[in-house]
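Right after this note come the structures.
Paired with subunit B in one complex and with subunit C in the other, subunit A is shared by the two complexes that follow.
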Partner chain A sequence: MIQLFDIIFSTGFFHSILRVSTPIIFAGLAAVYSERSGVINVSIEGVMLTGALSGVVISALTRSLWISILGTILICVLMALILGLLTLNLEANSIMSGLAINILAQGGTIFILYILTGSKGNSALLNSMQIPNVELPFIKEIPVIGHVLSGQNILTYVAIIVAFVSHVFLFRTATGVAIRSAGENPDALISVGINVKKVRFIALTISGILSSLAGIFLSMGYMNGFTANMTAGRGFIGIAANAMGNQLPLGTLFASLIFGAADSAANALQVLKIPTQFIQMIPYITTILGVFIYSVSTSKRKRREG
Partner chain B sequence: MVANKLKKNITLILSVALALLISFIIIFFVSDEPLYAIKAFIVGPFSTSRRLGNLIEKTIPLIFTGLAASIMFQAKQFSLIADGSFVIGGLAGTILALNLRLSPIATIPIILVLSAIAGGLCAVIPAYLKSRWDTNEFVVSMMMNSILQLFAAYVLLNIIRDPESGFVASFLIPDQYHLSILFSGTRIHFGLIIAMIVTILAYILIYKTKLGYSIRMVGFNPNFAFYSGVKLSLIIFIVQIIGGSISGLGGAVEILGMYDRFQWQTSPGLGFDGMTVAILASNNPIFVPIGALFIAYIRTGADVMARTSQVPNEMVYIIQGLVMIFVTANLLVNLFKDRKIRCKMDTRLTNSVSKGGSHDTAI
Partner chain C sequence: MKRNIKLFLLIIAVIMLFSLTSCGSEGKNSGDKTRIALLLSGNLGDMSFLDSAKKGTDEILSKYDDVEVRVIEMGSDATKYETNVLDFSDDGYDIIIGSGWQLQEPFQNIAENYPDTTYILFDASVDYEKSEYSNVYSITYKVNEASYLAGILAAGMSNTEVIGFLGGADGPGINDFLVGYIEGAKSVNKDIKVIVGYIGSFSDSPKAKEMALAQYNQGADIIFTAAGSSGIGTLEAAASQGKYAIGVDSDQALLFEKSNPAISNSIPTSTLKKVDSSLVRAYDLYNEGKLPIGKVENLGLEEDAVSLTDNKFYQDIVPEDIKEKIEVAKQEIIEGKIKVSTAFGISNDDLHSLIESVRP
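Up next is the complex of A and B:
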């Protein structure tokens, strides 16, 4: 038990929370944009997975981080736009189309990996690149916080910054307001002459960019290379974080950190002799609790208002 | 109406054909002998009686999960619990078969019924949260699947694992509890008959009973259903429990029909395939066996192809994803004609307004 407390109250533990939360923050924010605009985007999981593979493959082929990031973003945005095409133009059910994209991504990534490397498991044979960790110049000197905040992957900082920027963007800019109205009251948008579909496509584009960053982080930051199905449901946990965070960027950031903490705690709890399977359940149980608490609070609010 | 149905079937077949065509093009790019690979894929499943048997064996569990998905989709409940229920159904079937000591005639039905109940119980949390608090059933069922799978792995590794087995698997399921083989020379088992019976029952439930009518009404227009006196939350709950139960039954049938030991440390993923089956069947239970047969066919074909050529059998997921995309996109355009017209009006309105003003600068 004392051993456990030693782990939980160490700076390393909080350091790992930020690291583990990063893909969930990106995925959660991706969900915020699409759901705010009125499109349920289940495909985040598959887009992340594709991003994880394409980052590795492009960086191995071109030996350039920038080209691999830009190429991956391009591919992922394309996938998000396909979802838009299906749901907005062809009026397909968004959950079904999203799941279809996930199935495609799940099989397609292994297919491509096998064609390129002859392995169905991982990309160890590809000489891919890493997104570096950075030490923050002044913050590093602060005793405890410095240890937690400094030395993270660049994308971890990007994720946190994007959460704050998204807050300003969604609530303070015309485009942000348009995205929110597209979800809450599309008729109002129509009445002021804004094309709802166009707004939703913009939101999906942003959603695709964020999903791609989540994928890039997984294969080029969190781990060194791609492994089959490496997203392991993080896209869905991101959707849950968005629901729990009340579709607010900062709320989603906070919810993602809670999931990250549950995940890190699961690692720390392994020193107690609890069977690993039960420890591995913790993030999923937390997610259900989070979504549940959110829905109870909204349904109570609705009852008060209505 | 008849013309409409015909049109729907034609678009369905065209969608499937298009998906297959695209995958053949992919095979052309990745294979050294593409024609050989495609031939293996298409005629492979029929080449030997063993492979033909494989095809039918693979169809059986897909019928169960396909029925589970189509019943839930009828009420527009996008719960993925079929996957977790399938695993737990199989686990429950194994545990019961290992512990019950009655005559097989009495035991097998008891095992199947209890496994179905176990599968239904898996669906309780997402179903109750959705019906009572409007919690997103998609996210909750997804998380439940992971939890249930981990639970199954725990039980397998710590409670029912046979240390003498060379791989991670449960103790041997006694021979007398295996479902009997229908055709000698294959492994096609009695589960096929059970699947057919459940198919017919599901069809009767959806199209010939009051409950089924309510289920379809909830799916078609929940507001209308609510104001017609349908207990919305009850239907939402029941439909997911039925889905979980059918899938749980399927899991037990699969274990008792195809396996000597329980060995699913990770989910076989048949619950997810059930959704593709449901889409191919337009959520109509009576067409589910056909959809299941198709998915089993591309599975078997891809396995044969993977063994005889360089094309990995993940090709199946590409075909499945494409079929799902094409069918959902087309199907819904046809199903919701009036919605389409309304949306067209919306866009026309938008266009005329935006032509009048200069609000586009806002974006």
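Up next is the complex of A and C:
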């Protein structure tokens, strides 16, 4: 038991929570934008995976971080727009289209990896670049908190900032209000002469950018290289974080941190005498519990309102 | 509408006709050559297991003139496996080689109907208790022996007396590595502690990196990772912490030599299943009529079917006295003086008490 507290109450543990949560925060925010605009986007996982590979490949070829980030964002936005084309213009089922993109990404990334490197497992042969970690100048000096917050990857800070900016954007700007109305009451938008489809395309574009950052973080921040299927369901956990966070950017941020904490705990607890099967269940039990608590609270609220 | 359906049926019929003819024309008997089919339950380019099997048949091809080899990458669609085995059996191939447990069922279902064909299953075994399978030869690998040597290396090089193990999943296939590793480590240092973790995935490299960092934080200074592609995460964690990691399945130090030398310098060695040499050995024996068909052979250090990689990183990183210890242990295993336990025979309780005995 003492060992347990030693592990949980260490700065290293809290440091790892932010790191583990980052891809989930990005994916969760990507889900917030698309779902707020009324498009169910399950393709986040696949777009992340594509982003992870593109970042590695472009950075290895061009040796420029900026070109690789911009190129990757472009590719991922294109994928998100394909989802828009399928669901908005051609009126295909959005879940089916999303799953199709996921399967395409799963096979496609391995195919491209194989053509470029001859390996189907990882990009070990490519000399790709990494997005650096940074020390925060003043915060670093604060005991305990400084150690937790400072020295994270740049994208980790970006993720947290984006969550706060998204909150302002969705609730305080005209475009944000339009995105929310496109999901809640599209007829109202039409009545004031705004093109609903256009608003949804804007939301999907933002969603694509955020998914690409999640992917870039995995292969260029967290890791320094791509391995096949490295997203391992983080896109879907992001969608769950969005549901648990009540489609609010800050709620999603909070939910993502909870998932991240559960995952970090599972990683750190391997030393203890707990069956591994149980430890591996922790992140998923947390997800189920979270969604359960969320649905109970919403159904209660609905009953009260009804 | 009616015409459309007719047209559709016609197209289907033509397609079926073509696929039939293509089946028939495949591998017509070409003289007296021994015809070998290598059926892979996946695709080439995995940089380990399947590529190694292909290397084995390539070697057989260059060694013998009267051999013909077809390599089939069956992909991950398991429904294709049995059909492929059936096709090649029907075609009268002399030897059909199959990879891994995925081919066990198809071999069990089909082999006995084609007594003239010899089936070779590597890294798995058909269930000889269930039936005779007198034309199936199975190869399994004593990874526990190579892992024993890895354990000696890890415990010998550790300054903290804590070492780590990160497996892909908690099952006998992975635990066979673990059992050998713990026994080898204990043979060098009785008080060695081993942190044991399982990633629960063979592709989630970020998670592996996170778990490896946790193990390093908790005092381990060298980790053995048996987790397929996930293992790359462990290797990166080692490089970022200036610690060591032992790779698996392919020479992982050479893999990163050009792209990321920092990682290579953290990998003193990797354990290998030498599928290639075991297949060449099998064909050599087959050619002499000595292959024990109808049995499973468990191949280890003695047959050169498993090993630790010996490259320049091994030479540079590992101290001489540890290299010597490894060499001595290797000889003693080959001579039978050291018996390494395996996760395949032992009960769950025995396994857990072994892990408990080294828990930090």
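Throughout what follows, the second predicted complex is superposed on the first by the 306 of 306 C-alpha atoms of A that agree within 3 Å, B and C clash if a C-alpha of one lies under 4 Å from a C-alpha of the other, contacts with A are read in each partner's own complex, and residues count from 1 in each chain.
One rule holds in what follows: contacts are C-beta pairs under 8 Å (C-beta built on N, C-alpha and C of every residue); 3 or more make two chains touch, one makes a residue touch a chain.
The shown structure was predicted, so the numbers you read here are calculated from the model rather than taken from an experiment.
Trainee: When the two structures are laid over each other on subunit A, do subunit B and subunit C clash or fit?
Mentor: Subunit B/subunit C on subunit A - steric clash.
Trainee: Which partner chains sit in contact with A:Q280 here, subunit B, subunit C, both or neither? Use first/second/both/neither.
Mentor: In the superposition, A:Q280 touches subunit B and subunit C alike.
Trainee: Quick one: is A:A100 in contact with subunit B, with subunit C, with both, or with neither? Answer first, second, both or neither.
Mentor: Only subunit B is touched by A:A100; subunit C is not.
Trainee: Output check: A:K120 vs subunit B and subunit C. Expected answer is one of first, second, both, neither. What do you get?
Mentor: both
Trainee: Would you sort A:V291 into first (subunit B), second (subunit C), both or neither based on which partner it touches?
Mentor: First partner only, subunit B.
Trainee: Determine, under the contact definition given at the top, whether A:E91 touches first (subunit B), second (subunit C), both, or neither.
Mentor: First partner only, subunit B.
Trainee: Thinking of the overlay built on chain A, is A:P132 touched by subunit B (first), by subunit C (second), by both, or by neither?
Mentor: A:P132 sits against neither subunit B nor subunit C.
Trainee: Going by the touch definition up top, name the partner, subunit B or subunit C, that contacts more of subunit A.
Mentor: Per-residue touch count on subunit A favours B.
Trainee: Of the two partner chains, subunit B (first) and subunit C (second), which one does A:S299 touch, if any: first, second, both, or neither?
Mentor: first
Trainee: Taking the superposition on A as described, I'd like to know which of subunit B and subunit C A:G225 touches: first, second, both or neither.
Mentor: Only subunit C; A:G225 stays clear of subunit B.
Trainee: If you lay the two complexes on top of each other, which residues of subunit A touch subunit B in one and subunit C in the other?
Mentor: Residues common to the subunit A contacts of subunit C and of subunit B are 114, 120, 277, 280, listed in rising order.
Trainee: In the complex formed with subunit B, which residues of subunit A make contact?
Mentor: Residues of subunit A touching subunit B: 42, 86, 90-93, 95-97, 99-108, 110-111, 114-115, 120, 174-175, 178, 190-199, 202, 233, 236-237, 239-240, 243, 275, 277-278, 280-281, 284-285, 287-288, 291-292, 294-296, 298-299.
Trainee: Applying the document's contact rule, which stretches of subunit C touch subunit A when the two form their complex?
Mentor: 43-48, 170, 195-198, 200-201, 203-207, 209-211, 213-215, 217-218, 228-230, 232-233, 236, 252, 255-256, 258-260, 356, 359-360
Trainee: Where on subunit B is subunit A touching in the complex?
Mentor: Touching subunit A from subunit B are residues 30, 78, 125, 129, 133-136, 138-140, 142-144, 146-147, 150-151, 153-154, 157-158, 272, 275-276, 279, 312, 314-318, 320-322, 324-325, 328-333, 336, 339-340, 343, 346-347, 349-351, 353-354, 356-357, 359-360, 362-363.
Trainee: So in the complex, which bits of subunit A are touching subunit C?
Mentor: Touch residues, subunit A against subunit C: 7, 10, 12, 16, 19-20, 23, 114, 118-122, 124-128, 218, 222-225, 227-230, 232, 263-264, 267-268, 270-271, 273, 276-277, 280.
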